[in-house]
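Dropping the structures in below, format is C-alpha cells.
Shared between the two complexes below is chain A, which pairs with chain B and chain C, respectively.
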Partner chain A sequence: MRPVSYSRVADVATAIGTVTADPGSTFLAGGTNEVDLQRIHVARSRRLVDINDLPLRQIEELPGGGVRIGAVARMSDVAQALPVRRRFPVISQALLLGASPQLRNMASIGGNMMQRTRCGYFRDVAAACNKREPGTGCSALTGVNRGHAVLGTSEHCIATHPADLAVALVALDAVVLTQGPAGHRQILADDFFLLPGDTPDREHAISHGELVVAVEVPPLPMASTSIYLKVRDRESYEFALASAAVAVAIDAGVVTDVRLALGGLATKPWRARQAESVLVGAPATIESFRAAADAELAGAVPHGMNAYKIELGRRTIVRALSTVTGDARMVSDDGNPP
Partner chain B sequence: MSPVLGAALDRVDGRAKVTGAARYSGELNLPNLAHAVLVGARVPSGRIIGIDCRQASVADGVHTVLTHLDLPRVAAQPKLFPSLAGLTAHGQSFFPMQDDVVHYAGQPIAVVVADTVERAEYAGSLVQVNYAETPSATLLDQVRDQAYEPQRIFGGLVPGRNPDRGDPESGLRDAELTLDLTYRFAANHQNPLEMSTTTAVWDDLDRLTLYDSTQGPTATQLSVAELLGLPPTRIRVVSHFVGGSFGAKALIWPHVTLTALAARQVGRPVRLTLSRDQMFHSCGHREEQEQRIRLGADRNGRLAALTHDKISLTSHFDDWAETSLESPAITYAAPNYAGGYRLARGNTITPTFTRGPGEATGMFALESAMDELAHTIGIDPVELRLRNHADVDPDTGKPWSSKGLRECYQRGAELFGWAGRDPAPGTRWEGRWQIGTGMATAAYPVAAPISPQRARARMYIDGSVVVEAGISEFGTGALTAMTQVAADGLGLPVDRVRFVGGTTDLPNVAAAVGSAGSGATSSPVHLACTQLRDQLVRQAVADQHSPLHGADPAAVVVRDGRMCLRDRPEVGETYAELLGRNHIPDVETVGTWMPVLAPMTDYAMHTFGAQFAEVAVDADLGLVRVRRLVGVFAPGRILNRKTAHSQLMGGMLWGLSQALLEATRMDPNTGRWANASLADYLVPVNADVPEITIDTIEVPDPVVNPLGVKGVGEIGIVGTSAAIANAVHHATGRRIRHLPITVEDLL
Partner chain C sequence: MKSYAETAGAVEVADTAVVRGPNSVVVRLSVNGTFRNILVEPRVSLLDALRDRLDLTGTKKGCNQGACGACTVWVDKRRVLACLTLAITCETREVTTIEGLSDGVDLHPMQSAFVSQDAFQCGYCTPGQIMSAVAFLAEGHAADDDAIREWMSGNICRCAAYPNIRAAIRQVRDEAGTGGPDATG
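Let's look at the complex of A and B:
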C-alpha cells in the first residue's frame, strides 16, 4: 500500500476544506471500495479524510411521501428503515441484493454512489485502461469482457457500472445533494453519473472537494409496489449480470406511468427511457413488455463474450415488468409456459 | 476394533481454531521479523532488458530488493515430482530469478524485503521493469496444432498412453451404436482460504527453520534442501495448521526457497505471504483442457468399446497433465479400450493438483457420455451403469480389494427417490422453473506413497500417550482421526492420547495428497500403538508382581487403559500400575508401514460412489440452481464419521462449483488471468448450497492398508458435476458439454 495520511473530521465544512486544500486527498467513508483500490494501487490518494463522524446518518421521511437519506447512513440501516421499505421497496431490495452483510454494515450511501467499476482491467495496474490512465487504451474491448456493458459504451470504455442502489435511485428520479467549496447543489441521479464518452476517467458530475451529503427520493406513490430484479451467476455476493428496478401504475389494464432502470448492462445506472415511452399508454401485456425491452436494447453494442447480455437484458426487463404487474400469463394453468 | 474408531468425535483442535489459539504459519510473532513481497512478471513471454530498483531500494523501511542480477543461484535444477512419493516435490522443473527470461506472467522477477508488509508492497510497486516481449501462447486453441504425445506425464510416473485393451477401433466400428463427444473444461484454481505463506529463520549455525503452509513438511524440507545445496539435517520445517490447500500446497513452489534466500540475505527472519492475486500465478492450477470420448455399445447398452483422449495446455518445462483417464478406464467393463494424453506448450506455470485431480474432469466426460447413451437407447441411467458394472478390474482382470458400488447406486437411489423417474427431458415445471434429475458414478484410485511411513508412540508412567507423525493439519481433521486410531490401538480413552504432527522432527509420513493421507498416516499410527500395547502386555505377563503374570498374551485385552483377561476381566492392571511399579518413565515404539502398491498385489484398488442431483433451471434467465444432492460412497473404513462426512460434503460442493461457477479466464492479449480475485472467480456462497445428503457404505478392505482406509478427500467431488449437467439436460433437453455451465449457455 502506498504511504497515506489519514485524518478524521467532525463537521462538513472542515471535511470539504481539508480535501479541497490538497488535490491528492479524498473523502473516506465506509472504505469498502476506496481502501481496496488503494491497496491495489488503482486509487492513489495520499490523504484520506475520514467523514464517518459527520452528522449525516439520518434517514428521514419527507412531507408528501419522500425520503431523505444521509450520506454516511449504512447500507444495512437504509435497507431496514421502515419509510424506505414501505415507500420504496425497490431501494431496500437493491441494497439487500448487493454485497454481503459485512460490507453492507460498513458501506455508506454516499460511498455507494461513488463506487468504481469492477472491470478487471481497471483494477489491474499492468493493463491498459482509459478510465484509470486516459489515453492508454481499453483492454476490455478485445479481452475478457463477459461482464462488460452493452449500453452506453464508447470506443474508449465498456466498463459496467456496478451499482444496484443507484439503479433504483435513477428509476425514482432521486436527487443527490452535494456541498462543496462553491456551495450547495442538487443533481438528478441520472445526471450524477456520466457516460464514458471520450473521458471515461470522469464518472460523476461533481468536482474534487465536493461532498455528497444526502440523497433525496421524491414522492412516488406507485413505488410502494416497486421491485428490484437481479440476475447473476450465484445467489449472493456477486455483481449483476443484468438487473432492473421497476415501478408501474396501471389503470384498466393500461400502463399509465412507469419507471424502469437497468443495472449490469450499461456504463452507468441506466434509465430505460425508450422502454418507458413504449409502455406508457400501452396495455400491460407481455407483448408490450417485449416491445419495450426490444426498444431499449435496440441500441446495444456487443463486444464478444458479452453478446448474451443483449438477450439477457431483454428478458430481465420482461421478467421484471411481468413480476411487478403480477402478470399470470407467463405461466399457463397447467404450469407450462405459453 | 473399539467403538472409538469411526465415532463422530469433535475435532480435537476445534476449540483452538475457533478461539484463534491455533497459530498458522503467517501468524507467528518472531523478533526482528521482516516481510518479503514478490514482484511478478507482467508479461507472459520475453526478456527483462532493464530492471530499476533504485526507487524501491530507498523507499521507507526497505531492507533489500533482490532480482536475477543479485539473487544467489540455486544449487540444483528442480525437477517436478509428485509429493506422494515422499521425495523432493518441486511443483515445476523451473526456478525463477536465475536469468532474464520470462516464461509466464506472474513469474517472480524480484523480491522486496521491508520492515512491514505494506512498505514491502509499496516498494514492490516502485520496481521498474523493461521487457523485450516475445510472442506468447496462453490458450489451448493458440497451440492446438503443435500438440504432441508425451512419453510420460505427471513427473514421469504415468505413461502418456494408457495400455490398450482389446481392439478399440474395431470395437467401435462393429458396435450397433456409437457416440463421439467432446468436452471442454475451463482452468480452475484451488483458492484455499489461507494464502501460501513461508517464514524463514536462519540461526547462527547456518541452520534453517521454515514455518510453511504445506501439505507435506518433509516435502518442503527435502525440496528446499536440494535447491539450497544443504543436507536435510540443516533444515527443519514446522507446519502445525494450514488453512486449506486443495492441491495449492501439495507441491513446493519457488516462493518457499525465495523466502529462505531472502532471509539469509538480510540476516533476519523473513515472512512471505502470497497475495490473493499471486495465488493465481504461483502454485499451479487445473489446466484448461478438452476430452473426447467415443463409446460403442449394443442396443441393450452394453459397452463394446471406449476411447478417451485428452488434450491440455502445459508449461514449457514440464509434461504435466492431471491424470484424467485412470478411473474412466476401469469404471465399466468395456472389453475394448484406448486412452491417451496430448499436450501443447504455452506460457504458463506448470499446472498442478486441484481437488479431485484428473478424475473430476475425466469422470465428467465419461459420465456425461454415459447419460447420453442411456438417453439415446432409452434405458434408465442407473440401469445402464449396472449393466456395465465392472465385476473385476477390466484392465488387469484382478478382483477388487473392495468395491461396494452396486450398494452405492442402490442406497443413493433410495435416498434420492430415483425410482419411477420419468426419463423424458424438459417436461417438469414448477412455476418458471424446469426441474430435472441426474446421476453419475464417482471413482477415484486408491493411491499410496512409495516409501515407508512411520509414526511413534510414547507412553508415560501415568499411562498417557503421545503419538507423533510429521503430518500437517490442513483442515481434513487428520489430528482428530489419528487420535482415534491411536486410542483404538492402545485401548485407551481418547482423552489419554495426544496426537502431534506438524514438524519434520517427527517420524516421516509422505504429504497427504490424492486421498492417501488417512491410509498413509493411520497405518503406522495403528502399528506403533498396537506394538506398544503388545509390548506392555508381554511385560505384564512376564512380571511376577502383575495380576496377569503367566497369562497367555493372546488372552489379554485392553479397555480404558487397563489390561485384563478377556474371559476374566476382573484380573488385570492398568498400564500406569505396571509402569509405576517398575519405575519405567516411558515406553516408546515406532510403527513402520510399507505401503501396498498395485503391482505388488493380486487385487485392484479403487474407491467408488454414486452421485444424484436435482436442479431447477430458469431457462428464460439462464439460471441453474441445485436443489438437492445425494452422494453415497464406499471409501473403506471411516475413521471419524463427522470429519469424513464433512470431507465428502466439501467435495460435493466443489463439484457443484465446478459445474456452475468456477472458471479462471485467460486474456490472451495480456497473457494474464483476467479474474484473479475471489470477487471475480466465483465459488458458491451459502445461498447456493442445497440440501446435501451423504451416506457411506463401509466395505471391509483387508488389502489396501491395516485399517482398510481408502480415503475421502477426493471422491466427493468426482461425478457431482456430471450428475448436475445430466440433470440440466433432464430439466431442459439441452446438453452442455463444457464446464462451467453458465447463464449464456441456457438463454
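Let's look at the complex of A and C:
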C-alpha cells in the first residue's frame, strides 16, 4: 500500500466537510474492499477518513412496516436483526449468502453499496480497463470473461456488479439516504447504481464527499415470504454466477404483484422489469415463469466464455419464482419441470 | 416531525479533521488485555502490527487480501480479518489473538480439541481456524455439520483437514452442553 494519512471523525458534518474539501480523501468504514483496493493500487487515496465512530449503526423498524438501516451497521448485525428477518427475509438471506462470517462482521452497509467490481482486469493495474483508467480499453471483452455480465453491458465495460444485498434492495425499491455539502438526498436504489455506458468509471449517482448515511426499505407486506437464490461455483464464500431476489403476491393462482431483481448477470444490480411485466396478471405456473425469464434475458449479450449465463439466468429466475410461490417441487435441480 | 427530505443537512466544506501520518505515529493498542504503544504508519495492517511490532506471530499471514482466514483475530470479541484491518483503526478497541486464548499453559478447550482430534496437518491455518471456531460457537450457529461448514467457510485449510476440524468443533460444542459456551467471555 502507498503511504496514507488517517483521520478519525466523530460526527457526520466533519466527515463530509473533510472529504469534500480534500480530493485525495476517501471514507473508510469496514475496509474490506477499500483496504484491499488500496493495497493493490487500484484505489489511490492519500488519506482515509475513518467513519466507524459515526452514530449510524441503528437498525430501526419504521412505522408501517419499513426498515431503516444505518450506513455503518455491519452486515452480520443487519442479517440477524429481527425486523429485517421478519419483514424482509430476502435481505437477511442475501447478506448471509455473501462473503464470510469474518468479513460480514467487518463490512458496513454503506460500504457494501459502494463496493467495486471483482473483475480481474479492474484489479490488475497492468491491464487495460476503462473502469479503472478511462480510455485504455476493456481487456474483458475478449479475455477471460466467464464471470462477466450479459445484461447492461456496453462496448466499454462488461464488469459484473458483485452485490448480493443491493440486488435485494433494488427489488424492494429501497431508498439510499445520502448527505453531502448541499444537504440530504434520497436516491432510489435502482438509480443509485449506474450502467457503464460511455463512463464505466462512474458507478454511483453520488459525488466525492457525499456520504451514504442510511438505507430505507419501504413497507412491502409480500416481502415477508421473499427469498434470495444464489447460484455459484461452490456452496459458500463465493460471488454469484447468477442470483435472484424475489417477492410475489398471488391471488387465486394469479400473480397480482411481483418484485424480481438479478445479481451476477449484470453490470449493476438488475431490476427485472421485463419479467415483472410478463408475470403480473399471469397464472403462477412454470410456463409463466419461463416466459418471464425468456423476456428478461432476451436482450442479453454474451461475450464468449460467459454465454452459459443466459440459460443459467433463465433457470435461476424460474427456480426462484417456483420456490417463492411454494411450488419448488415443480422444478428439478436443473430448473426444468420434472 | 419533519420528514427526511425536509431536513436540510447542508454541511460546511472544511477539512477540520485531525490528520495523522502518513509518517509513523504512535498507535496505542489493547491486545490480549495489555496496552502496548507501537510506532507505525497508518497504512500498516493489524496483522503486520501484531506479527512484526508486537512479536505475536501466532496470527498467520496467508493471502493478505481477505480470502483465506489465516489472520482471523477478534476485535471487540468479534472475529475479523487482521489483514484488511488497519492497526490505527483499532485504538479504543480490544484485540484478541491466539496468544490470548490459553490461560497460561492451560490450553483453551478448542485448542485441546484440535490436538485430540488431529485437526490440522501443516498447522498454518490453525490459529485462524481456532479463533474463528471459538467465536463461531459463541455466535450460537453450530447446530449441525452443515452449519459448521457454512459458518467456518471463511477459513481455508489447504491440507483439507476439514473433517477433523469439524470433529474438534463438535467436541467443544458437546462438552459445553446445549446452551453453547460463553466462549469469548
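Annotations
One rule holds for everything that comes next: the second predicted complex is superposed on the first by the 329 of 338 C-alpha atoms of A that agree within 3 Å, B and C clash if a C-alpha of one lies under 4 Å from a C-alpha of the other, contacts with A are read in each partner's own complex, and residues count from 1 in each chain.
Here, contacts are C-beta pairs under 8 Å (C-beta built on N, C-alpha and C of every residue); 3 or more make two chains touch, one makes a residue touch a chain.
Model, not experiment: these values are computed from the prediction.
Ranked by how many residues of chain A each touches, chain B and chain C are led by C.
Looking at the shared chain after the overlay, A:R315 reaches chain B, while chain C stays out of its contact range.
Look at A:R2: by the touch rule set out above, it reaches both chain B and chain C. In the superposition on chain A, A:D251 makes contact with neither chain B nor chain C. Judged by the touch definition given at the top, the superposed model places A:D233 against chain B, while chain C stays out of reach. Legend: residue contacts after superposition of the two complexes on their common chain; A:G120 is shown touching chain B, with no touch to chain C. Overlap of the chain B and chain C interfaces on chain A comprises residues 1-3, 39-40, 235-237.
Chain A meets chain B in the complex at residues 1-3, 39-41, 118, 120-121, 123-127, 139, 142-144, 146, 231, 233-238, 241, 308, 311-312, 315-316, 319, 330-331, 335-337.
Chain C contributes residues 4-5, 7-23, 41-43, 45, 64-66, 69, 72, 78-81, 84-86, 88-89, 91, 132, 135-136, 139, 149-155 to its touches with chain A in the complex.
Residues 1-9, 12-18, 20-22, 25, 28, 31-32, 35-36, 38-40, 46-50, 52, 76, 99-103, 105-106, 177, 179-184, 186, 209, 216, 235-237 of chain A are the ones that touch chain C when the two sit in their complex.
Touching chain A in their complex are the following residues of chain B: 42, 60, 118, 121-122, 125, 277, 429-432, 620-623, 625, 660-661, 665-667, 669-670, 672, 674-675, 677, 679-680, 682, 684-688, 742-744, 747.
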